[in-house]
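Two complexes follow with chain A in common, the first pairing it with chain B and the second with chain C.
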Partner chain A sequence: MIEMRGVTIAYGRTVAVDGVDLTLPVNTIYGLLGRNGSGKTSLLSALASYRRPSAGTVLVDGEEAFENPRVARRVSFIRDTLDVSDSERVRCVLRTAGRLRATWDADYAAKLSDMFELDTRKRVSALSRGQRSMLGVVLGLASRAPLTILDESYLGMDAVARTLFYRELLDDYLSHPRTIVLSTHLIEEVADLFERVIIMDRGRVLLHDETDALRGRGVTVTGPAALVTAFAAGHTVLGEQSLGGVRALTLDGPLDPDDVARGERDGLAFGPLGIQDLFVHLTSQPRPLEATR
Partner chain B sequence: MSEANRTSDVNPMSEPNPSEARRTSGTNPSEANPMSVNAELFRIFRPLVLWIAAIMIAVEVTAVVAILSVNPMPFSFWLVVVGAMAKYWPLVAGILLISMHFRLFLANGFTRHEYLRGVAVFGLAVVLAFPAVVVLGHGVESTVLGLLDQRGDGYPLFRFGDAAAEYLHVLPATAGYLASGILISAGFYRFRPWIAVPLIAPGALPGLVADGLIRIDEHGALTQNLPFALAFTLSVAATLAAGIAVHRVMRDVAVKRTAG
Partner chain C sequence: MFHDRSPIYLQIADGIKNDILTGSLREDDQVMSTNQYAAFYRINPATAAKGFAQLVDEGVLYKRRGIGMFVSPDAPGKLRSERRQRFFAEVVEPMLDEAKRVGIGVDEITDYLGSRR
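Take a look at the complex of A and B:
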């Protein structure tokens, strides 16, 4: 179990993370969502003991995490900028990780490098933005760390590489279950991977729940624009999309089954809530609808 | 996904199983064990040390041959070049230890204290070995020039009886400059430039104190500006104070993307 108790991170007078309490069951893939400057990276830095919280503590299995070798060994935190030497060749970076990490899987690192077509003879400084992200993914996944944190690891990756990454992440997670925290802005693209979602805004956790439960918090109604508009009357609209005469609205809250049956008879289609719609709705409000912290 | 979670009965936050790691790594058991910080630092610096050693020897041979073509050697070129390198290489190494290598180890599962302990062991080895290289090289140079009968009037003849004194006149500056490099770099790593720049002055003290109090010149003159025991003690004290300051600065520093 990973616990954050009253974690606050301040940079001078700027409070990046404000008294966050979180309990993270292990063996789970978490999606950490938040707008720019919401405190995601600061929170992850505290989780990985890269930064000592200004207040509060991070506990792993009941042990204080900061400067704890037993915990440090079990954490891999991959930042978008990569904590490697730019002058090193990729193969040297991978070998170094292999020497320093007991859980490093060299064969898997080689497989991932091949899959991403990462030229291991290149120096890190010669890699493109996307290739650096691929290297980060290789370092993160092949470390097989019980707590793997990937902070915006998709940056610069093309669609093919991202798809390979998501597929590989899921496959490897299923064969080697561990706790993975993914911070991302590409919400819809990755949402299916998440078992639990944490949404941050202005340094606080707005929401932390199972993805399935979040999807059940609302409904997407699709159909002829006029019918959808009429059906949505009286409901809180979280998101909206229109194409020609077809309109899709995301409505907050569970619907009455009778209303759903009536809508289906009228030709409306109902689907689960989009996580991105919920995220946009929650984080674009002047005041959050719900603050579970 | 949830099913996968439910069916897993292993605790992923438990200690890594070394035998499992070895199976999955495809390497032999000894390779699967994590390397210590100091061992990895020696591995990282080995190519650098070998290159510098090769360059030093090449420069020494070339320069000595050039000088001998004009007249017998009037001073020890080895003491000039390698004596200076015994100060400035540790200074540069100290800077690199913080600015380049600190985050590498933290990113691979080591704590700040583990890294600092590893740096201390590595630094101690550098401090003990570099002066020995200076003294041994001087001995070789002196012997070869003697065999060639090319020692000039001012050349500092190497005597085995003076080796320990020569060693102890190089060691404080090596230690002081290494400590200064680490401390100045730590200042830039932790603080913003307008704080770190003024801290260069106190950070430089260990090197300057040691170099100012005890040194050896190109003519082999062993110099101390105070009684040797007192000068040596002050140099060591300045270096140890820098070590304590480094610990205070780095013990809870945030792992930054770059120094400064």
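Take a look at the complex of A and C:
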């Protein structure tokens, strides 16, 4: 079990993470979603114990995580910088990872490198953006760390490479269950892999739920303005659009099937929302100008 | 394979029920394991497990400890009678609504159905 209690991370006057409480059961794949600047990377840095929270604590199996070697050995955090020396060759980077990690699987690392057609003789500095990301994925997956955190590890990867990445992630998770936290902006292509989704907005956790509970949770109701408005009474409205006498409202459901059937008989049209559209509606509320405190 | 406008676990349950109704899954046939299903359809195994759990709850599947999950002997009959009950409400009524919108009378529909007998 991983627990965050009142975790706040501030950079000067800017609050990146604002009093986050999260309880994360282990051996689960989590998707961390949020807009740019919503605090995802800061939250993940605290989760990985790379950064001491300004306030609050992170507990891994009940133990304080920060500067705790027992916890650090069990965490693999793959972020943009990769935390490797640019002048090293890829094969040296992989060999070092093997020396540092008891759970490292060198054969699997070699298999993944082949799969991505990653030239391990190259220096890290010579890798393209996509190849750097592939190296990150190899480091993250082959570490088989009980807590594996992949922060936007797909950057620069083409559609084929991303598909290979998702396939490997799932297959390796099925044979070696562990806790994986993956942050992404490409919600639609990877959401099926997430057991749970965490949505951050402006430093706070807006939502933490089973991914499946979000499918069909948002509903768009379209029809004559007066009827739509009457139907929406009592529901949270996420978005609206009007054209002439027609109104379309996006509601935070789920809706009672009997209400929907009645609405359809009255001439209303209903359309369920995908996860990405729900995410856009939930996180596109106007941002206050003053983001600091 | 799955769309994201309704929970995948319900889509899984519906898919297996359809396989039973069409006869591609028969009484006492073993269904895929949760992990096989997850790997095949590229979904999280917990989501797949929830779909199967739903079918066990409904009595469509039964478990044999350590072996796997199987189609209940009475599942085809039960599913067929459920679908028959919903047929008029879910299939015929919407058709009548559409007929009314485009000006097709019940007599015209009856004639058509008579010609298909």
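Criterion: the second predicted complex is superposed on the first by the 233 of 293 C-alpha atoms of A that agree within 3 Å, B and C clash if a C-alpha of one lies under 4 Å from a C-alpha of the other, contacts with A are read in each partner's own complex, and residues count from 1 in each chain.
By definition in this document, contacts are C-beta pairs under 8 Å (C-beta built on N, C-alpha and C of every residue); 3 or more make two chains touch, one makes a residue touch a chain.
What you are looking at is a predicted structure, and each value in this text was computed from that prediction instead of being measured.
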item: First, second, both or neither for A:275, with chain B first and chain C second; value: second
item: First, second, both or neither for A:30, with chain B first and chain C second; value: neither
item: Contacts of A:213 with chain B and chain C, given as first, second, both or neither; value: second
item: First, second, both or neither for A:116, with chain B first and chain C second; value: neither
item: Partner touching more residues of chain A, whether chain B or chain C; value: B
item: Which of chain B and chain C A:231 touches, first, second, both or neither; value: neither
item: Touched partner set for A:174, first chain B, second chain C, both or neither; value: both
item: Touching partner for A:191 - first (chain B), second (chain C), both, neither; value: second
item: Chain B versus chain C as contact partner of A:165, first or second or both or neither; value: neither
item: Common ground on chain A, meaning residues reached by chain C in one complex and by chain B in the other; value: 28-29, 170, 174, 193-195, 211-212
item: Contact footprint of chain A on chain B as seen in their complex; value: 1-2, 4-5, 8, 10-16, 18, 21, 24-27, 31-35, 40, 43, 100, 103-114, 251-252, 254-255, 257
item: Footprint of chain A on chain C - complex, ascending; value: 2-9, 35, 38-39, 42-47, 50, 97
item: Touch list for chain A against partner chain C, complex; value: 28-29, 166-167, 170-171, 174, 188, 191-195, 211-213, 215-216, 265, 272-276
item: Chain A to chain B touching residues, read off their complex; value: 1-2, 26-29, 45, 49-52, 60-61, 66-70, 72-77, 79, 81, 83-85, 96-108, 144-147, 170, 173-174, 177-179, 193-195, 210-212
